[in-house]
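Shared between the two complexes below is chain A, which has chain B as its partner in the first and chain C in the second.
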Partner chain A sequence: MNAVTFNNVEHIYNEKSPFEIKSLNGVDLQIKKGEIFFICGNTGSGKSTLIKLINRLLIAKTGSIKVLEFDMNTIKKPFELRKKVGMIFQYPDNQIFETRVKKELIYGPEKFGMSKREALVKIKESCVLAGLDYEGFKNRNPFELSGGEKRKVAICSILAYDPEIIIFDEPTAGLDNSSILSLKKMFFKLKEKGKTIIAVSHNIDFISECCDKICLLSGGKVIFSGDFVDTMMRFTNKELEVFGVEKPFIYRLLEKIKFKDKDDFKEKIKNIENLFNV
Partner chain B sequence: MIEFHKVCFTYPGCEKNHNRVLHNIDIRFEKGKFYSLIGSNGSGKSTLARLINGLIHPFEGKIYIDGLEVLPQNFIEIRQKVGYIFQNPENQIVSTIVENEVAFALENLGIPYDEMHRKVTEILEFVELNDMRKRPPHNLSGGQKQRLAIASVVVMEPDYIIFDEPTSMLDYNGRREVINSIKKLHKAGKTIILISHDAEEIVLADEIIILHEGEIVAKKRPIDFLKDVDLRNNINFQQIPDHLKFAIKYNINTLNKEEIIDIMQKNILPTTGILTL
Partner chain C sequence: MFDGILLGQYVSGNSFLYILNPVNKILFCFTFMVLIVCCQSIFWTVNLGFIVLLLFFSAKLPFLAVLKGMKTILFFLIITFIMHIFFTSQGQVIFQYSKIIITLEGLLNALLIFFRIFFIIMINSILTLTTQPTEIAWGFQKLLYPFKIFKFPVDEFALMLSLALRFIPVLFQELGKIIDAQKSRGAEFDSPSFIKKILSFPPILIPMFINSFFRAEEIAMAMEARCYSNSQNRTHFTKIHTGFEDLFFVIFYTFITLVYLYLYYFKSYDLSVF
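Our next item is the complex of A and B:
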């Protein structure tokens, strides 16, 4: 069952003006329900356009997009869609607007019709998931928090209304080691709950640890999509630079070495990991 | 030299939360050196950095820049000595054209046009943005925007430059560009204070300063920091990139990733016998 299906989608900014830019060009894409799906691409590759099309912040010029049960060409009110598709922006400052953390967190759930009591339960659950100490932070002004803490508030404010698809734009940016670790755990817990996670990221170590599928975008086109090992087998570090990501160290060590097939490749990676006890 | 004498700081409204307080910070940043400032989210890194150029003021203690105390009456002089580059360049870019952005501060100081033009060109060449000088900043990529922010700070010729997580929002290419600019600035004699969570970046420094719960718990050379597992566990810095783990394990005499890969491929992997087909 697909959570998101793109069929030959095109998107153009500033159409019929001198600033016309075709940001997506014939994109076909399927994201399965319950998948952790990463999107990589350089600046201008169309990543942001793509994720904005999923929760209808943008509307495609041509092609069809289906998200859960909604057909983007016929949907009248995006309210129901937005309830099920949450998005966490790259810069938490662009998303936070309340002056108290507790107000920020309850805004979404209340707008989507939850009772106060229900919302509070959900908020506390999300804070546990994201590693934010609710009691300690609820009366703080989110704008006075550190970058990493702000990001956690932004994440909680979306998780609190329990969307089915959660889109993250650069989720690890500004997070320290242990916060990245808890983010990873959070991704797995959300997956366990059947949520679909779509993330734009350049943090290849993070991607390698939790992705089911990765899609590489360039010039508005999907160049490749597959699991992590497939991606590493197919591209060299130099080639991956085009998509704004770096090949992980262990995979780079194997670049000059021949291998028979995927299993052989995986075994060699494992051997290196074991040998060096990494 | 930047000197902190027993500096304490608390944000209003969180006096009870001890995590948010800087306690008794006593530290010196020597001229021309490259420092990395690390610590977990909320440990006080940005707070410490903001105290240096007077964006916030200590509750107790004193801070001196080249002997000049950080006080409102000295702000003009201090901010010419200390440049600050934020995480998100959008927070500091104000002009609609790249070259105007760089000229902004010079114009405010009333520098003559010819000299201003020469300086702007020089700096844009330094950060490799001269080709884009007529472009609007919002058309630049993340890495280019961050380099523009660097240019508009560096044009003031500060001796000390604080980088507050300058690469955390950038992709691989953008990060490399910005790191190259930082290295060049250090080579040109600037004092660098780099706040970062990225182990690959912090090891570029001469010295790593470790903040934990508002206190400076250690000051170490990068290699010593990497080897000090207890310290890293204490401050939640357990994870280090694989190439650095290998460098430590095999006593490779460099922390540069490309060099480590080369040494591993040429000298170490062939002796293991696990990679033959």
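Our next item is the complex of A and C:
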């Protein structure tokens, strides 16, 4: 079953003004429930527009968008939709406003109608998931935290109201290796819980280890959407550069090796992985 | 949320207003704003406004997009309009219901204020739509240059102005991002409840102020790191020239100002009602 379906979606910024920009042009896309779905593309390719449309922060000009049971063309108030679609923005500074981490974490759940007790249980669960020491951080001022800690607070504040779809905008930006590793673990835990994860990223190592499917955007159009291995087989490194990503070393190496079919390709990857103990 | 709002923004183009010297455009704006504010008659205000609109259309500036941007201040325009209608009790009564009295003078006053604000915005739009923020700052720097005699910190003032103008669109973008971030966490900014509306402000204003302070600090450090100083005479990468177009433009608005002053003050063409 699809969590998100885009049918011939078009979006224009600043319509009928000198700054008019067509950001999406005839986008067709399906994201299945429980998938980890990555969106790649260069700056201005329409990635941010696409994820904002899922949360109805923007409204499409034409076409239809269906997110879970909500039809974007008929939905009057997006409140119920946003309860089920959480979005973690690239810069946590844009959402933090409370003086204590605890208050910051409780803001979302309370807005979505959770009781304080229920919210606290969920917050503690989400802190375990995101690797944030709740007891150590709950009384700290969020403005005094480091970039990585702020991001963890932002993630917990969204996970706390238990959305079905979680959207990440550049989740690895500004994170160190250990934080990226814990983020990876969190992605898999969320997948185990049946959550759908949609992420925009340029970090190919992160993508290659986490993703089920990848979508390549260019000039507001979906150029390709499929599983990661298919994508790596289909495009050369130079072609992928157009989408702001670079093939992982192992795939670049395989480009030099001839293979018969997809299974042969997968087998050779496995052999090399075994060789290097990856 | 702020899609297509053009107030205070530069739009690239190639009409005659774009090649004029910024000093010239600032002087034109100042002169016309003073004339419109001093004018007590609707007839003359509309006449001056008509000239502004002529300039606006002849330079092929996006009139409808500017009007769209005025939506944000329409609320204040309507409030001032209503207050003038209902709180002016002197003059010829044209409508009366119980204690509510509308007089001709009140109506004309309301119209006058409405036109004044509208045309002042249009005049400023001519300047901001056709002049880049750095050019506006340069223009002010040149205009304030004589005040250096009185030890007025002209260069610092110009720097402050150019930084402030430069960051208006950036702050608007940031505001949009903050609103999006809070909306996705369940904040409702379009709630009909007044209390809910008031309570929805802190989640926007606090990140906005804190981000602005951090940004200001970063800029200060970046300038310090590159040894920025106003103590020496600074040169400019691009030189702005004064051409024949500027001369014609000066003659144009000086002529209009003199004609207006002659007719309005010396000939007393103050059509009392209009």
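To be clear about the criterion, the second predicted complex is superposed on the first by the 277 of 278 C-alpha atoms of A that agree within 3 Å, B and C clash if a C-alpha of one lies under 4 Å from a C-alpha of the other, contacts with A are read in each partner's own complex, and residues count from 1 in each chain.
In the analysis below, a residue touches a chain if its C-beta (ideal position, glycine included) is under 8 Å from a C-beta of that chain, and two chains touch if they have at least 3 such contacts.
Being a predicted model, the structure only gives us computed values, none of them experimental.
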When chain B and chain C are modelled together on chain A, clash or fit: clash
First, second, both or neither for A:R140, with chain B first and chain C second: first
Partner with the higher number of touched chain A residues, chain C or chain B: B
Touching partner for A:F79 - first (chain B), second (chain C), both, neither: second
Contacts of A:Y91 with chain B and chain C, given as first, second, both or neither: both
First, second, both or neither for A:M1, with chain B first and chain C second: neither
Against chain C, colliding segment of chain B, chosen among 21-29, 39-47, 57-65 or 111-119: 111-119
Chain B and chain C contact sites that coincide on chain A, given as residue numbers: 91, 93
For the chain A and chain B complex, residues of the former touching the latter: 42-44, 90-91, 93, 136, 139-141, 144-149, 170, 173-181, 202, 204-205, 241, 244-246, 248-250, 252-254, 256-260, 264, 268, 271-272, 275-278
Sites on chain C touched by chain A in the complex: 3-4, 6, 11-12, 62, 64-65, 68, 174, 177-178, 180-188, 202-203, 206-207, 210-211, 214
Chain B residues touching chain A - in the complex, by the definition given at the top: 11, 13-14, 17, 39-42, 46, 87-88, 90, 141-143, 165, 168-174, 197, 236-239, 241-243, 245-246, 249, 257, 260-261, 264-265, 269, 272, 274-275, 277
Parts of chain A lying in touch with chain C, wherever the complex brings them together: 13-19, 52, 55, 57, 79, 82-83, 85-87, 89, 91, 93-97, 107-108, 111-112, 143, 157-158, 161
